[in-house]
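To start, I am sharing the structure in question, which I have written as structure tokens.
Letters A, B, C and D name the chains as they come in the text, with residue numbers starting at 1 for each one.
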Amino acid sequence: MLRKSKRYVSLLIMVFLVVTVFVSGCGQSAATGQGSSGTAKVVNIGWTGPLSGGAAQFGKDTLDGLNMAVDEINSAGGITVNGQKYTFKVVALDDQYKPDMSATNGRRLATQDKAPVIFVNHAGGTYALQQFNTDSSNPFLLAVHSSDPGVAAHGNKLTFVGADPFTAQPDPYSKQAMQKFGKKLALIPAVTPYGQDWGKAMTSAWTNNGGTVTGTFPMDYNTETDYASYVTKALSTNPDVIFLGGPSQPDGLVIKEARQQGFKGGFILCDQASMEDVAKVVSMTDLNGTIGFMPLSQLSSPGVKKFVAAFEAKYNRVPTFHNSGMYYDMKVIAKGMEKAGSVTDPAKILTGMKQVLPITDDSVPYQLNSINDKGQMIIGLYGTMISNGKYGQPFSITPQQ
Amino acid sequence: MLSKNQKFKWSWLFYLAVLILAFIFPALNPGSYYIQVVSLAFIYAIAVYGLNLIEGYMGQLSLAQAGLFGFGAYAAALLTMKLQLSFWLAVPLASVLTAVVAFFIGLISFRTRGHYFVIFTLCIGVIINLVIQKWDAVTGGMNGLIGIPKPTPLGPISFDSLKAQYYLILVFLLLTVFVMYRLVNSLIGRTFVSIRNSEELAAALGINVMKNKILAFCVAAFFTGMAGSLYAAFIRFIGPDISSPTLTFEFLLYLLAGGQASIAGPIVGTLLMSGLTESLQFLRDYRLLLFGPLLILIVKFLPMGIVGLIHKLASRSPFRRSAAKSLNPSKTVKGEGL
Amino acid sequence: MSLFIQQIVNGLTLGSIYCLVALGLTLIYGIMEVPNFAHGHLYMVGAYVTFFGMTLYGLNYWVSALVAGIIIAILGVITERVVFNPLRHAPSSNRFIAALGAMMFLEAAARLLWGADFRSIPPVYDKVLSFAGVRVTEQRVIVIVAAILLIIALNLFLKRTIIGSSIEAVAQNPDGSSLVGINVNVVGMLTFAIASFLAAVAAALAGPIFLVFPTMGELIIMKAFVIIVIGGMGSIPGAIVGGYILGLTESLGATYISMDYKDVIAFLVLVIILTIKPTGLFAKGV
Amino acid sequence: MILETKALGRDFGGLTALNDINFAIDDQEIVAIIGPNGAGKSTFFNVISGFYPPSRGTVSFRNQNMTGTPTHIFARLGIARTFQTTHLFYNGSVLDNLIVGYRQKTKMGLFDAILRTPRARREEADSREKAQEVLNFIGLAGISTEPVANISQESAKRLAIGLALISEPRLLLLDEPAAGINHNETKGLVELIRKIRSHGTTVCLIEHKVQMVMGLADRIMVLNYGSKIAEGSPTDIGSNQKVIEAYLGRAHHA
């Protein structure tokens, strides 16, 4: 009997634990989307991405921007297409960064929720969704937020890539870094596909500008526990500049480690990292000579100011570039729907989107130039170099059209 | 164990009904989302049948299963993409290759026992995963392989539509269930179970324990590899993640929820957990929070899973009560093996 | 040459952390025969507790580390009571599965409560010591020295105290020791407490150098398992030697062999060792 | 002579568990091995049934040297054994439990099982028939469909013996067959062992119940501290001074 009662005690404790965490967490999750108002019809906008698992933060970052865009459009009364008012509702599904779950979610969003547009923020999910987004039964526009040039390269007719390909960045970065520090570059790219492609692009840009590469040390930023041995090895090749291909905080630790081991040169960050997050783990003085994406909040254009203020008001924190991506993508999509006169036909919507560009007013944080025939949007983005412990002047990294 | 007794007729009727339901399911027009979910669950179920054979019937907890799944998927993808083999050749070939790999793994890993075996196989799984990640020249590295061809048409039957793919996967699943059913109800299946219960007694009865373990592992790997190759042809994009230990843990959860050492367990568990995962979408992180304790609770209170529970309830009638008791595997721990 | 010494220092730092985590894991395995997959996640929670101790409550670094140690020790005991103790007589694969369940729970809970983003414990001993061309931060020296002190303390505890020697007695013979009046239950809880304490302190030591995030435990637990299998599951000297060997192998392997296949090397070594000797290098008993 | 050991020894770590045992078992004999706890009886059993390789010396079975032979081959050559703890397959009925005992005599492979070839059908029918036959022999035919988890300790003992018998061994090794059963049941068991011998199988048993052994065995070997201290007929052993001392000496220490 004693044994039996013990079992129940442990059962109770376990149930208690689950319930506790459950309840304590439930308060945090806010409901997304809005109900329809008045005579407006609701168009579902699909989203699939990581909301749990290791990449959950990245997923939530992009989703926040999308939700904000939709809320803004809805509170302005929605859009008018052929005399009918429409509002939007975001249906977000978690795919844990797994392509098969992205595919399942895509099917669900397309058939159950009749979403004409589905957002995705990773290449694997994009490839899985590209297998069926053009099926005649339930076509949908795949809106990808990824700077991976691969996602636009497969000739899928209904793919819209709402971020610049990163291939535009290495060249201006190389020029800036070489001018200030010298011609020797060591690379510590991430082992992810994205990181490796970045490393290759960086290498060719650097050598095209007349520099030499002292060594490439690919690192798994997600599983490596101690970056010191990589830094030691990279520094042993005596570089002037080090390229880092990881997410923000690991990059920050690598920079800190390099400074502690006596490195005086510059750093180039890939666009997976945002400087403002890097600065959370390493001091601005240590960051002197670091080149990367200009933090969104440091730009002074009216569009940026408006976006940053609105985002801070809504989420109570300063937005990064990742927060803005799906925001302006959604703005373009809404305008494209109005122009195309359809909220259901993805091909028409994409054509409409092409027609509403360029957008240069303050409704979006960046200047949106055009969408090319691969569905890739060309945006006016900026890089910067940190010097004297401050962010420097922005320089343009807009790709050649 | 199943033998000729009167309970059989009822269960056959039930299984027939389930089978008919599975066949008419797409005709009910549930929408491509549900067909997708069920198809994927079927694919995973095939892999879980593999784990069921090796862990459920044989008592050897192999954590290399996702590695084998990934191996099968990459093998099938490479055979169709690089060698332009037809789906109908690539799938059996990939499955056989997986079994061959498992043969060599088994040769070494079954020298270890108990926890060492579990950790050893986990390491094998990790190594397969790491090799897939690092060997970009063949596997595409972290990029994975994109654009794996759809199943080749079989004469006039094409597999372009989702429904056609569903039936294709269903046929493979039925084949798996059939083979497993035949196997575990044969003398060979009894031999496996005898090894689970006591390796010593099995050896004393003249059973070559090592040979049987390797046999079960290879058969399990064959089906796991087959599941992997079906996955490749169905999702048409594969990345290193499909060989990560996390997927093995998911297989394990499916198996335990359904009930190990039963023929219905893997499919029941996989469908149930896939359904739960989908229907709990709104819970996001909480869903993962539930699965851990669920695993512990199952191990503690429902060691034979849902199917075991149903058997237990069904046998609450006075004369069958004892049979249910005998389903409790904690009674079989007299042996030295796992 | 300075590259070599620098890498030795890096390897020793990493090895110290591996050691402390592996020690707890091997202790638990030796006493309870539980392959505690959740051990790495207790390490992770320990890092978070230290982090919040310092940032939210403004505690001193060492106080936070101690608090983390105590909280995680309690959490460890709860895990033992709730998850493992009821499965004492279940087949060993069930204990393994239960450990996986505990691991999944802790990771999901951490992610839910604290988010998935990287955090970093504010550096306290950030000064760089420089000698013979080698530059080391104070924190790394602290990690190495503290690990050695903890290992010595643990050994003294096991050899010189009554409670400690009863732990050793249970490890050697669980059935016999319950006959001679040692309460196996108490020993079990105590073992979990000590092991979890070590994990949390390891996390607190590593915190200012590494990042804190919900999956940090997954990486370390795999390495710790490699260590204790190499060293023989349940063997304390095995875990110590194995920990330093793996740390040094990783930093030197990355330098002189291959960075790409560095992680594969660790697992491959394990597979080779188990192939030659299926019970590990320093296995106790037969 | 069916089994013979020459200078047989076995060490564990630094400890000698068996030392220089010369022993032989004749055809159709009932031999018993007795000795105080820890005398090395089980080790001896494990060595002659192939579970432990000997550290020194040889075991030969029907004039064939068995050193280095894998365990399952011992069984296939005709040495069957039972265990101290009754290892039964708890899932399933009494009959189910017996069937697997016949596996070593069958040849069916994977594909036979999957395709249910005539060979598979024939062999499964044979196994079942053989199991039924053994059930009758050990006197459990009445409970053949009963789940094993439900049967009495005595029936479990008989079943374990049946499992060893189903492959028709030449030599049957019984590890404490009468442990845990009462006086009357022991009598029944003695009858069964005699019946087994009368069907041509040689029996060798380890037993604590000295009285039972005295009435049953043709010959007895006594082990103490891993060495053979006496061997002979029950009457010889009963009056052997060394044996009495060994038992009494141990008793005094305890």
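We take it that a contact is a pair of C-beta atoms (placed from the backbone, for glycine too) under 8 Å apart; a residue touches a chain by one contact, two chains touch by 3 or more.
Bear in mind the structure is a predicted one, so any value in this text is a computation, not a measurement.
Chain B has the C-alpha centroid lying closest to the overall centroid of all protein C-alpha atoms shown.
The distance from the centre of subunit A to the centre of subunit C, each centre being the mean of the chain's C-alpha atoms, comes to 35 Å. If you average the CA atoms of subunit C and of subunit D, the two centres end up 47 Å from each other. Centroids built from CA atoms put subunit D at 39 Å from subunit B.
If you average the Cα atoms of subunit A and of subunit D, the two centres end up 71 Å apart.
Each of residues 83, 86, 105, 108-109, 111-112, 260, 263 in subunit C touches at least two other chains. Shown for subunit A are the residues in touch with two or more other chains, namely 7, 10, 14, 17, 21, 25, 52-53, 56, 191. If you check each pair of chains against the touch rule, the ones that pass are A-B, A-C, B-C, B-D.
The residues of subunit B lying in touch with subunit D in their complex are 1, 3, 5, 179, 182-183, 186-191, 193-194, 197-198, 200-201, 203-209, 215, 219, 261, 322-323, 325-327, 331-332, 334-335. Against subunit A, the residues of subunit B that register as touching in their complex are 31-33, 35-37, 40, 133-134, 136, 140-144, 146-147, 162, 231, 235-239, 241-242, 278, 281, 284-290, 293, 296-297, 300-301. Those residues of subunit C that touch subunit A in the shared complex are 3, 6-7, 10-11, 13-14, 17, 78, 81-83, 85-86, 105, 108-109, 111-113, 115-120, 126, 128, 130, 135, 137, 206, 209-211, 214-216, 219-220, 250-251, 254-255, 259-260, 263. Every residue of subunit D that touches subunit B in the complex is listed here, in rising order: 49-51, 70-73, 75-76, 80-83, 85-93, 95-96, 99-104, 106, 108-110, 112-116, 120, 123-124, 127, 145-150, 163-164, 167.
Of all residues in subunit A, only 6-7, 10, 13-14, 17, 21, 24-25, 52-57, 191, 217-220, 222-223, 225-226, 228-230, 232-233, 236, 247-250, 252-253, 260-262, 280-281 touch subunit C in the complex they form.
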